[in-house]
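Input: structures, listed below.
Both complexes below contain subunit A, partnered by subunit B and then by subunit C.
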Partner chain A sequence: MGVPMIKIILNQIHAIRDQWSLSASGTFNEGVHLVSGDVGSGKSTLALMMAELLPWSGGDIEKEEITTIMLSLQFPELHLTGLSVAEECASWGVATDKILEAIGLTEKKEASPLSLSRGELKRLHLACVLAKDYDLLLLDEPFSSLDCEEKVKLCARIGQKSKGICVIFTHEQNILPRVSRIWEIVDGTLVDCGVPPEAFSHWSHVPPLIERLMALGSKPENISLDDLREAVCRIQG
Partner chain B sequence: MITAEFLCYRNLAIDALTIKPGITTIIGPNGSGKTTFVKLCAGIAIPDSGTLLIDDAPPRETELGWVNEFPDRNILFVNVFDEIASPLRFRRTPCDEIDSNVRACADAMGITHLLKRAVRELSGGEKVLVSLAAALVHHPKVLVLDEYDSHLDARSLAKIEQGIRTSGADYVIRCTQQMDAAIHSDYLLFFDSGRITLAGTPDYVFPFLKGTAYYPVIWGCR
Partner chain C sequence: MQDPRIRIVAAAVLSLTAFMSLHGAAAVFLWWMVFTPRLQLAKRIRLVLSLIFMIAFFSLVLQLSGGEGLSYFTRMTVIVLIGIWIFSEQKSGEFLAMGVWLFGDRAGFELGMVAEMGMQSLVSFTADLDRIRMAEKIKGMQWEVRSIVPAGMVLVHGALVRAEDTAELLAVRGYQYGGTMCPTFFTRPLDLVAGMVALGILIFALIPVSEFFILYR
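The block that comes next holds the complex of A and B.
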């Protein structure tokens, strides 16, 4: 008997609204997955369906060995329940003081979370989400509003996760974690681009920097900042 | 020129600053004063002391377009057409002129297909595109954008970049965390702890940021 594999399988699920539609099929195994797509292509809709928070009009979703699911919405303000930063932290059942110290918000403990800057609010939200392990972690635009240093820290935090499925829905082009598989939504359909670096050749949303590096004959191994820097170094000799 | 002298507001302090017409991009860590500065430029906040003038006039006496970093905080009306039309309606622009301007602006932003939609049904990125259209529709002299690009994909950004450059605005003041976008600026300001620590063209500023997360990796492929 082998070890049971954690996975989520999308079998032709559909979302339809007026002239717009989304169709998704594919298997998400353990690891970090990137889903890219244009504005309004259905990234958030797919995330909601995978979290079973939005009904789909056809097909089904199979989950194997998945008992805990977390969806982080792209707007951190939509998650708020606490009247203060400390209350908000406590509502997630995480160690408030430790979290606030780690993200540099200890001094704002008693402040209203709505008085935080958007970047601070996103940092608070992600720290609460990432403090626990989930079998299926769905991150909708986790990099929006974060500054470049915080994006790098988030990538490192995601990279430390050794278990579970993490799906990142994003349009971020530059600061990303190393991923095990790349997907994209094109003309209303979820497309499996495959594993990097082979995936780059048929990824229509390939970031301009990766495209440029490939044109210069220095294909990065993966999409992380370290991989990109390494590929740039190769060009520079 | 946009000029600031002995400007103080909350944690922000700028002794002297001159911004020439063109695209000025503000970069730096969260909480460094970027949003505070652009709110002062947009006249949403008033300095505690000192002055900030746009061609010798206070921001509140200047034709301005503004996009907030929280997409939902930009929206006043229920549907997309009404939202984009609102700056023109507030000016009592004739109806036929409103209609043609809204459609032209939506076309430039690539959102004509959204005009009849309810704003609450839109994705985060679509809301930002609508907000940008509403900020541009009355052809402002100054366009102030606070991290407008944090919910947008590369293709939409390329279209918007074009829209911004052809908007006719004398000054574009924008905050971003996308260093690839910051490269395409006339002037860069790096904020840290409420102060401007670097100012100049991208060619001047970025070499100082080498080794940090703010240094565009693509800079090495030029």
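The block that comes next holds the complex of A and C.
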């Protein structure tokens, strides 16, 4: 008997708001998925629907073997429930001292989380979210407010996840983790671009660097910085 | 209602009428039933229930302490219904157009812009509150009295940050005082009817009905 497959299936779900609409179909299997799209295309709405926090107008969502779900909202301050940094960490049920040490915020343990900069707050929030394993992890714009160094660290952290489904909703174009499937929202519809590197040829939000590398005849294997470096090295010989 | 001028005047007149007397509030409620989308409004704005609960609490206190709690509850609930109607009908830019139409390009523009910013804050405030409640659900927490302090801090902090951003943006663009605008309004015949009926209700509420009937006898 095989191991039960963890997956989430979107069966023509759609959301309608005044003149705006979004429809989505597809199966998200175990692994890291990237959902790209322009600002306002419906990435956050889709993330909320997948987390079953927002009702949809039609269709349905099937979840197989998914018992734990986590959604990281784009704006970390909206997650705050603690009045101090330590209290905020504790509200996530994670080891406070370990987390704060890892992100270099030990000295601000007693400070109000609202006194942190947006970048520090995002780091704190992501560290708490990624400290636990979830069957379905939805990350809405996880790279916003992070500098390049932190984005690289986040990619590495996501890459370390060995099980579960992780869906990244972002319009980040430069620093991304290695992914198993690429999706995009175009004209209000979720489109399955496929598995990289084949996905690049029908991905309308393909990052400019990947496009340039392909034009030079060196298609990267995936979208991570390591894959891009490898493709650059191939050109240089 | 398409014309914001009639809408705002009607809302002011109806609120005043509802506050003045119980029979005025009853007439305003009838107006709300006839000229607004009624329950769809209440469904769309979830703050309604909490507002009505809050009014009910104060009304009960008033009633128990010998005041006219029931009358207060009825009048205030009708005012809340008018409030949610005007809030849901309001479109971006209408306050600015109203301000300029009433008081011109300088003071009117300023007043209109302040009102627009206020409305924008209210919209952001409710959107943020929705997200905060979702975030609490994500953490497995339930919305309770304890949640008010951190949520309130986040909301106030967000409002201050947005105000600062707007102020910086205006300063960077060289904004000093007033602006130019040519407001245009679209008036449907039904808007005029609803406006006239609202004024009629005010007049009806101003008539001392009991004295009129005594004289008649």
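One rule holds for everything that comes next: the second predicted complex is superposed on the first by the 237 of 237 C-alpha atoms of A that agree within 3 Å, B and C clash if a C-alpha of one lies under 4 Å from a C-alpha of the other, contacts with A are read in each partner's own complex, and residues count from 1 in each chain.
Note that in this section a residue touches a chain if its C-beta (ideal position, glycine included) is under 8 Å from a C-beta of that chain, and two chains touch if they have at least 3 such contacts.
Not measured: the values here are computed from a predicted model.
Asks: After the overlay on subunit A, what do you see for subunit B versus subunit C, clash or fit?
Replies: Clash - subunit B and subunit C, as placed by superposing on subunit A, overlap.
Asks: After the superposition on A, what does A:L48 contact: first (subunit B), second (subunit C), both or neither?
Replies: Only subunit C; A:L48 stays clear of subunit B.
Asks: For A:G40, using the defined touch cut-off, is the partner it touches subunit B, subunit C, both, or neither? Pick first, second, both or neither.
Replies: The answer is first: A:G40 touches subunit B but not subunit C.
Asks: Output check: A:G217 vs subunit B and subunit C. Expected answer is one of first, second, both, neither. What do you get?
Replies: Touch partners of A:G217: none, neither subunit B nor subunit C.
Asks: Would you sort A:Q173 into first (subunit B), second (subunit C), both or neither based on which partner it touches?
Replies: In the superposed model, A:Q173 contacts subunit B only, not subunit C.
Asks: Looking at A:E150, would you say it contacts subunit B, subunit C, both, or neither? Reply first, second, both or neither.
Replies: Only subunit B is touched by A:E150; subunit C is not.
Asks: Check whether subunit B or subunit C contacts more residues of subunit A in the superposed model.
Replies: Partner with more touched residues of subunit A: B.
Asks: Touch test for A:W92: subunit B only (first), subunit C only (second), both, or neither?
Replies: second
Asks: So, A:E77: does it touch subunit B (first), subunit C (second), both, or neither?
Replies: Both partners, subunit B and subunit C.
Asks: Once the two structures are superposed, pull the subunit A residues common to the subunit B and subunit C interfaces.
Replies: 75, 77
Asks: Could you list, by residue number, the parts of subunit B that touch subunit A in their complex?
Replies: 28-31, 35, 69-72, 113-114, 121-126, 128-129, 147, 150-156, 177-180, 212-214, 216-218, 220-221
Asks: Show me the residue ranges of subunit C that touch subunit A in the complex, using the header's touch definition.
Replies: 128, 131-132, 134-139, 141, 147, 149-150, 153-154, 157-158
Asks: Quick check: in the complex, which residue numbers of subunit A touch subunit B?
Replies: Within the complex, subunit A contacts subunit B at residues 17, 19, 36-40, 43-44, 74-75, 77, 117-120, 123, 141, 143-152, 171, 173-175, 205, 207-209, 212-213, 216, 225, 228-229, 232-233, 235-236.
Asks: Please name which positions on subunit A make contact with subunit C in the complex.
Replies: Listed in rising order, the residues are 48, 51, 53, 70-71, 73, 75, 77-83, 91-92, 112, 114.
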